[in-house]
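Two complexes come next, and they have one chain in common, chain A, joined by chain B in the first and chain C in the second.
On to the complex of A and B.
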């Protein structure tokens, strides 16, 4: 059966294409009164004819209406869980006195970077500067951070398993790669606006947007990281009788960690970019300060908010990068290797 | 080498051709300012089609939100605004009308509404008829803001638009700010989607909105306009001062003043004086341009449901199925437009 399909697959595609053209002609409102006109009046060869229009929009709209009324409850449930997580985290951070938050970030950087004093001081200073730029930005930055944080958690929860599956099975990879391309390339408003209808205005559609926009690099780098692990190392593990599970968790994952951390870092940066765009759908945070500055033609205020976002990005970037470097030093002891060579 | 020579020659030739065509059209240029809501889009589409095909002008359209477009208009980069929400911008427009750099071109659409609306099912179930009713105990909980559960959510205007600040003042004056958030939806599309989403799920919604709009023309969207204190010019003027102050100096600049309903206002048109002097015949068309509200709503419904979201097709549909526009232009211009349809 599969053989037959494979043999005639090109004819099948051709048939689908012809059917689409016929459907588009029949469903168009701007077609000529009579089919024969197409042969007598060849004007349609000049400009792209109005009747050659696949009614894709109608299909999507009909499907969407059915989908949102049938499965609305499912999305309400997802939205509720995300919203709880968001509100609890945000309120906790907003209620914490700001010096404690700065100290928390400093402590986090200190341990994540492997006790590098320079990085720690720099990150602490950046964190302080967000509020220093404009005291109003402090709570907004916390809102933004919370959204980004939950979005990234979601990305890691989905992205890591998918990346691992892709690395282990080329078929899965071939199936998922085009989906990743789609997720990265499709303009964000295409999914933000339906997001509003499913989840309402505010933080939740932004989290979903972050997931769609910033998950692909994490998946790609997880996949790449695992596949880049030296064949010899894996062979060595195999010769010691490691099974598939042991190979993955004992050898591949630890060696792929620097790459995965790079993926998480990229994921964070893209999440920050998305959270700014999401201010167009009513997401609170630093993004809406930029948007307000733009709409009021206030160069100073939008640039100030933009700088605050840059500072936030630096904080995220430094912490994740420093942690990545720390792991790298552990898994790839380059300095020691050199010593052996000598 | 030969290839380079050829390509240089063809480039020069091409430049000559483009220069030739542009200088031929340069006799008449119109730069239209368009906004991010659909009734403005429709007027811009109709007017630009008429100017381009009727008068043979180079037409350029720039679309954006109110503040940047109006700034470009005052700056002389944009010549024509076909739909102006004049009453929202009184203070902003005053100096420019006064110094004669822009000209008022009369009414475009005679009546439009801006107001607070509640979906009919909720309004009837809880007897919500006016903004005062929104203060009844327990009512705010119907519209609970998921991100700020201690208040209800009033989905407001977009934060850069003047109506956002007006709504901010209104909520304070009506004593609703204790109960409701003045929630900025971020963009016009997001506001529409929030209302459409609430209706799709059968959830209560309390929102600022306006007509003429395609969303209000839809059968499934049925909202009740909440009554507010009647409009008086004095009260509105007092409020406008506070609103402009807040826009300039932030929300801390709020001082108690006055608030009443939005006037059902006429939407108007305006052009730059220097442009009108250069193009008197096109300016005369802009001045004559006027459509009743029902016609605009009808066009918006056509735009959404039948044109496949194609504004130009909607403009062509309007021009070919109506004759009212023929009186705005001379007979030969009308003939030009007709032949282009």
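On to the complex of A and C.
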């Protein structure tokens, strides 16, 4: 069966193409009165003819209307769950006294980086500086952080399994790669605006936007990381009778972890970029300060907010990078330097 | 019954191996198949039987299919056609669960680039097979520690593989393979990545271990000296075809074709040939005169290199004797000259 399909697939494509042309001709309002005119008057070869127009927009609008009315409830539910998670996390962080938050970030960095003092102090300083730039930024940064955090959690929850599935099965990879390309290339407003229709204004469409925009690198790096694991090491595991599960969790995932951490790091950076764009659809946070500054032509204010975003990015980057390095040291340890006492 | 039996195995790499199989079976060469169909012939009608407790060395240049062959034995690669029988079990008929079980207990493998888990300590690496078998931590650590000591790595058990030298890493690989106490050991160019001194060290260690353990070893190498040193039987692969199987002396004395002859051309024959192989039998002397007065006796299994200096020194004739001390034949300068010369031998000698 598959063989037959494979053999005739090109003819199938051709047929679809022909059908599309015929359909667009028939549905066009600007077509000539009679088909024979096409052969007598060859003017349509000069400029791209108006009747050669796939009614794609029309189809999508119809589909979209049907989709949002049929499945609107599902999205309401998803939106509600995300919103609860967002509000609870945000309120918790906003209500916590700011020194405690700074201390929390410092503690997190300290343990995530494997007790590197330099990184810890640097990250602590950056965190403090966000509020230091403008006290108003503190709560806004927390809003942004919460959105990014939930977005990344969503990315990890979906991205890791998809990446693993891709690494294991070339067919799945071939099916998913074009989707990833689409997610990365399509302009963000194309999904942010429909996001508003489905989820309403605010944080939720931003989280969805973050997911679409920043999930691909995580998926790609998970897939790559797993496939890059030394073939001989995999064979070794197999030769001792490891089953698929033991192979994945005992060998492939630990060895792919540095790459996966890199993916999460990339994910974070892209999420922060998206947060600024999302401010244009009414998402509150630091991005909204940038937008405000621009609208008032207040260069100083928007630059200040931009700097705060950079600081936030540095904090995110340092923590994830340091954690990645710590894991890398564990999976690919180099010779430890011995400390000699003189 | 042989421990490992490989019967008429074919392996063809490509998108539609089964359609190409008939062409290969009709005798098309590797180049023809590649040109006409774009498929690569990995193995071409390979049949091998390995007896229990022996070391079978499979030798060939890179691309000859030897690494493919060894992976067929534990089915890391599935053959296109043919049968593989290990210990009476037809490996090809095992389902996934049975195969995993088979791999857990029947055989283990040592890899060219060691195949160690970089994120596990030496101890965890050695205990890996036991961990997969589901043994308790304490028990497996105990067995692993014993193996680590057996290969002389005590004190390094909490290091990571990247902290060890190549030779030490391969010792970990060997210990890991031995820890599950399998009956069969597959060694895929196990010593090829090591430098010559360490390699010869490892060969010695393997021979010592083998002396105690009497495993069935399937060893892959591209190094003739190594195969002569380790192998009870040697199989030579060329372009996926098995061109010759025999004892080391067989291979040296009667190369099956030019390919094998080119292989053995530079070998140090004095190290490989035994007295019984090169002697002229007493009944075939045909009245040739032998100066028995200056002769001395050697056992039939002695290597030439052990009595060669003596012959050169005082031009004596060697009397070859069997275990009981009865004379089997003689070796004079003439026999030595023939057997040690690199050119092919006009009169084929039977060696058993």
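General observations
One rule holds for everything that comes next: the second predicted complex is superposed on the first by the 334 of 342 C-alpha atoms of A that agree within 3 Å, B and C clash if a C-alpha of one lies under 4 Å from a C-alpha of the other, contacts with A are read in each partner's own complex, and residues count from 1 in each chain.
Here, a contact is a pair of C-beta atoms (placed from the backbone, for glycine too) under 8 Å apart; a residue touches a chain by one contact, two chains touch by 3 or more.
Here the structure is a predicted model, which means the values were calculated and not measured.
Clash-free side-by-side placement of chain B and chain C is the outcome of superposition onto chain A. Looking at the shared chain after the overlay, A:69 reaches chain B, while chain C stays out of its contact range. Of the two partner chains placed around the shared chain by superposition, chain C is the only one that A:242 touches, whereas chain B remains out of contact.
Look at A:169: by the touch rule set out above, it reaches neither chain B nor chain C. In the superposition on chain A, contact of A:280 is made with chain B only, not with chain C.
Once chain A of one complex is fitted onto chain A of the other, the partner contacts of A:330 are limited to chain C, with no touch recorded for chain B.
More residues of chain A lie in contact with B than with the other chain of the pair chain B and chain C.
By the touch criterion defined above, A:198 reaches chain B but does not reach chain C.
Contact with neither chain B nor chain C is seen for A:61 once the two complexes are overlaid on the shared chain.
An angle of 160 degrees, to the nearest 10, separates chain B from chain C at the C-alpha centre of chain A in the overlay.
Closest C-alpha contact of chain B with chain C, superposed model: 40 Å. Within the complex formed with chain A, the chain C residues making contact are 71, 74, 76, 100-105, 107-109, 111-119, 128-129, 132-133, 160, 162-163, 176, 180, 186.
Those residues of chain A that touch chain C in the complex are listed here as 230, 232-233, 235-243, 246, 251, 254-255, 330-336.
Across the complex, chain B meets chain A through its residues 65-68, 71, 146-147, 149, 155, 158-161, 183-187, 189-190, 193-194, 196-198, 200-201, 247, 306, 308-309. Contacts from chain A toward chain B in the complex involve residues 29, 53, 57, 65, 68-69, 72, 76, 83, 86-87, 189, 192-194, 196-198, 200-204, 278-284, 288, 291-292, 294-297.
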